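Look for subunit A in each of the two complexes below; its partner is subunit B in the first and subunit C in the second.
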Partner chain A sequence: MAAASARRPRLAVWKFASCDGCQLSLLDCEDELLMVAERIEIAYFPEAARRMLPGPYDLSLVEGSITTPADAERIQRVRRQSRRLVTIGACATAGGIQALRNFADIREYAAAVYPYPEYLETLATSTPISAHVPVDFELRGCPIDKGQLLEVIKAFLADRKPAVPGHSVCIDCKRRGNVCVMVASGTPCLGPVTHTGCGAICPSYDRGCYGCFGPVAGANTAALAKEFAALGVARRDIARLFQTFNAAAGAFRDEAERHGD
Partner chain B sequence: MATRQHSILTIDGVAALLDALRRRGYRVIGPTVRDQAIVYDDITSLADLPRGWTDEQGAGRYRLARRDDDAVFGFAVGPHSWKKFLHSPAQRLWRTERSADGVRIIAEPVSAKPLAFVGVRSCELHAIAIQDRVLLEGAYPDQHYRARREAAFLVAVNCTEPGGTCFCASMNTGPKALGGYDLALTEIAAEGERRFAVDVGSAAGSGLLAELPHRAATPGETAAAEAAIAGATGRMGRAMPDADEVPALLRRNLDHPRWEEVADRCLTCGNCTMVCPTCFCTTVEDVASLDGSASEHVQHWDSCFTMDFSYLHGGSVRASPRSRYRQWMTHKLSTWWDQFGTSGCVGCGRCISWCPVGIDITEEVAAIRGSDSAARGREG
Partner chain C sequence: MATRTINVDYIARVEGESSLQLDIRDGVVDRVRLSIFEPPRFFEAMLRGRRFDEVLDIVARICGICPIAYQMSGVAAIENLLGIEVEPPIHALRRLLYCGEWIESHSLHVAMLHAPDFLGYSDAMAMARDHGDAVRRALALKKAGNDLLRLLGGREIHPVNVRVGGFYRVPTRAEFAPVAESLKRARDHAIATLRWVATFPFPDCTRDYEFVALRYRDEYPMNRGRIVSSAGLDIAAADYEDEFLERQVPYSTALRSALRRRGAYLVGAMARYALNYDHLPEEVRALAGSAGLGAVCRNPFQSILVRAVEVIYACSEALRLIADYEPPARPFVAAEPQAGTGCGCTEAPRGILYHRYRTDSDGVIQEANLVPPTAQNQGIIEEDLRQVAMAGLDLDEDQLKANCEQSIRNHDPCISCAAHFLTLRVNRS
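Then we have the complex of A and B:
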């Protein structure tokens, strides 16, 4: 093992357009947090510590999407200072719920929400970090799962690939012994096309999966949408099911568009 | 087959059976109503059994329903199978601890509490026998499975109410349990009460029955039990067409256009493999502590429908949904014979009911068979 005197790797946590929930997952690691702090120097984490050390950083965790011209430039600076850059959460990985603007006119939204929209400087779209800079690993979820976050940090410390599986939510749902809400109650569920991460929380409480972790690789959303229609879900509601936290993620975006007006 | 001498238990006899199992130190597991389905879970008394309940099943559809009588076992199989208990969805295998003296490897002890299963159907007895073959007869028997399996007490229940997706009759795996149990019950209604004709399948079964209030069956009761099972044979919701020929049929149709069509519908979600009582594949996840001082190695159910499953250096071997569905179905029905000398399918119908889009293994076989000239010729 590395000698105690070896320099601890330096961690930075960055926020772009987001709700802060994913960074909070790191603080939520209560039991493990002290151990993390022992192994890693928390050099820049404005949400948690007043002391902010300058870069370069060994590991940058990036939360949030790019929605302003200033942020589009800032992410370039973050990347230049970061040896490894990991995006955390649906915003950073897929554009987040705010990517609903991608399918509408941002000026109309701004006019409806702000009394003086002319003071806003914003982009027409919300885009994931990977649309702007190279990303070393994308951790999904709205919010991310703290167990997976710890795994990413542990993998970074051991210089190995994070063991984050890529199967559907259904696999976890069945491992838990849940009764399928689609089959037994006719409740629409995005589990079959959604990436694992949450441990199938919603179906465990008799609700359909909301797709917080975004589409699984090769998601057959068209076949699932057809089944939703057979269950009696209206066309507009099918589009809405796919248009939440991962609205701009490939397969979900395409399926919502196929069910547009 | 000669009719064996049955004994008869009343409903109180079934209650006494549950008590006797518990007294002997078994964890008693059986069918019970939970979350809109009949699942397998811990049973403490007769009241936990799904008395008066049944299920209505079709492709991608399961509905819990009330019966118009108070039958105790008047339903077919549900989302769970006994593999949940014998071949656990999550099983720690070993862990490590690092100290000044080096790394210590600690094997996971096998679980000690013996299990008693109440309500094991004939298809499920066959499925357990298949998992025995796979998990115990290879070069590396699964110690955890072995410990639970060898200690388990099985109370079978002959099917008298097959489901809409059942097809055991065409797979020669039911509805009557022919062996592999300790006791087998057949539920009949007589003189306004529920009675249970009992077959003894082992010395342990015989010993337990001796402790229960029972009497010899009348010829009428034995005939009623046989008739109830025979009636079930004729009421299966589905059938596997020409089951004996299916291994060869699939072998010569690996490039059939039907694989592409089913792949268009398949979500590759893996539900069919999770609910299948014979599917046995697992993956092992290694979990290390932050400081690298300890690790755990946990086996989880896995599925040939995931991309990770066939991932080798550079990518997944079975990247297309077509290749994954074909792998699953040809293994179940064809290459399982080459590998283990039996079918990998017992006709329980779970994969049909619990597929969110209702893909039906019997229908897929029928479609391939329908355009196979050799199979059509045999009909001629």
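Then we have the complex of A and C:
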């Protein structure tokens, strides 16, 4: 027992289809990084460390979505080696911006970018990690918030539930004392239907929320879309608003489909 | 006769997923393969059908380490397409934003990704046990860059504030005060960091690269300028595709850029420095000199020194821009959709990043072409590897691998960026 408690918990950070921004959030914890590295053993984190220790790992942070046959197999191996598995960011949690392919013809996409598309091994869809393996917690955001990331790491290493709130961006915006961009200037804003986490950055910079943390539970996207239409937003542009970094997430996907051609 | 194959299955401390294979036959490096197995995300395809005013949020997601670069080349291209000339204060704020990204990205690379190679550590966290002050200083420096990004962009990764025609909101002079304080300290940290990396052991290596970078009047280049090279190239961004091509080589599945007339070339800190040394302030040139750098650096292992010099410059330049800052009369000029084609080229931390877009009369993107710096540097990275491997044939495998990895990290490759434009894996069966 003494030996077990002396052993530092082992962390692994995995990358699938992504921009690396969410794992960079860990290195962006400039004030906390060295402390974190003392408390836990960074056993596998290729973006930051050359030493790659074999599993099992106490906590795996998984960035990115599943877009290739090889990655669909690799995530199974990652799950088997991980006591806890937490997805970080919109790609891992909802499929990311690359899930726009789910609504298009992948062969046509590949031909538009690559001279020899037949050489690519790619899937027709970009899917979240939870579509492939059980996930212990999903941290949202494009990118994630580094304060929430630290909370998740602390919580899982202490075997408790992370204290990550689940209200809408709209609430945060009121707390910040922002003037509502939709009411005051008629700017379409996804704040009422978007999950909290960013701190209501966009309305604080005089623009509408663009939904990078994905839909909040119970989002009434239909009512909001009706308001957008009343503001004079074209049907096609309403669909575009919901089709970004969380395009494949339930409520956003359905609302975009209702405004499809 | 004797054939030896050396594999590095996953190149660590670079952004993205890549591997290296060296084939050595009869004491000669027969084949060098830098393979990229990063999954493609098809950005150029996804951009079609999006409105011109959605592009900046989408292209930021190509890279979490240099999202500003994507927003800067994107906004330059779209404003070029729409015939928008931003006012000088808006231009100054964009340069300031770029200073933040250069500080953040270069500090990350210098101290956390590259320095461990020279001192023999797996990573910066392990290095901090023996070099705690240096690592903490670099983290503070990185944080100062991120402070600037957070104020001007709203957040460090995928900032939200840049828009076609200007910014959504511009800061007041008072909001810059705390950032200026942190930048003053950062400048001292940057000088100390340069002095620290100048003590590293540098392998002897001289390469005769063709350097390619932007150049504009008396500025050290960031957001604008002509594309020039050490072999006399001097073109407008709009002529990029006439002079450069992306090609496929038989032994690799990756497309890489080349000069149509001359082949491989280098972009990034070493190229900017060599082509714009005369545009650095006297005190920055003096600091570079005290670290052992002349007007041109041809040793890729010393690129860490050049990045450290650029961090000092970016801190100084940010402080100058903040001191001179007068908020513009309006944060942006209106942008009306129109049909056309526009190009933009700016200096990402890793080198020039070229964007071209074509829109229809509703301002909807019909075609996009993006050429990231790492796609441009791939040819040089492989040439360097060949040289490093030849020089290290007598070394044991672990040391040879370490030297090769260090050689790749000399150019701070950003695989996530590159992979969206590169083929990945041949499956001919």
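Observations on the model:
Following the convention adopted for this analysis, the second predicted complex is superposed on the first by the 256 of 261 C-alpha atoms of A that agree within 3 Å, B and C clash if a C-alpha of one lies under 4 Å from a C-alpha of the other, contacts with A are read in each partner's own complex, and residues count from 1 in each chain.
What we mean here is this: a residue touches a chain if its C-beta (ideal position, glycine included) is under 8 Å from a C-beta of that chain, and two chains touch if they have at least 3 such contacts.
Keep in mind the model is a prediction, meaning the values are calculated, not measured.
When both complexes are superposed on subunit A, subunit B and subunit C fit side by side without a clash. Looking at the superposed arrangement, the partner reaching more residues of subunit A, out of subunit B and subunit C, is C. Looking at the shared chain after the overlay, A:Ala104 reaches subunit C, while subunit B stays out of its contact range. Using the contact criterion defined above for the overlaid structures, shared-chain residue A:Arg83 touches neither subunit B nor subunit C, since it reaches no partner.
By the touch criterion defined above, A:Arg235 lies against neither subunit B nor subunit C after alignment on the C-alpha atoms of chain A.
In the superposition on chain A, A:Arg258 makes contact with neither subunit B nor subunit C. Touch criterion met: A:Tyr116 reaches subunit C, while subunit B stays clear of it. By the touch criterion stated above, A:Asp206 is placed in contact with subunit B and with subunit C alike. After the superposition on chain A, the angle subunit B-subunit A-subunit C between C-alpha centres rounds to 110°, nearest 10.
Contacts of A:Arg74 after superposition: neither subunit B nor subunit C is touched. With chain A used as the common frame, the shortest Cα distance separating subunit B from subunit C works out to 10 Å.
Touched by subunit B in one complex and by subunit C in the other are residues 206 of subunit A. Of all residues in subunit B, those touching subunit A in their complex are 34-37, 39, 60-64, 78-80, 84, 89-90, 264-271, 274-275, 285-292, 300-303, 306-308, 319, 321, 353-358. Of all the residues in subunit A, the ones that touch subunit C in their complex are 15-25, 27-28, 30-31, 33-34, 37, 42, 45-52, 64, 67-68, 70-71, 96-98, 100-101, 104, 108-110, 112-116, 119-122, 126, 142-143, 198, 201-202, 204-207, 210, 212, 237, 240, 244-245. By the touch criterion given at the top, residues 1, 32, 35-36, 38-39, 150-151, 153-154, 157-158, 163, 165-168, 170-171, 174-180, 182-186, 189, 191-193, 206, 217-218, 220, 223-224, 226-227 of subunit A touch subunit B in their complex.
Partner subunit A is touched in their complex by these residues of subunit C: 10-17, 37-46, 48, 50-51, 54, 57-58, 61-65, 67, 108, 112-113, 116, 122-126, 128, 132, 135-136, 139-140, 142-143, 146, 154-158, 160-161, 163, 168-169, 248, 253, 255, 331, 405, 416, 420-421, 423-428.
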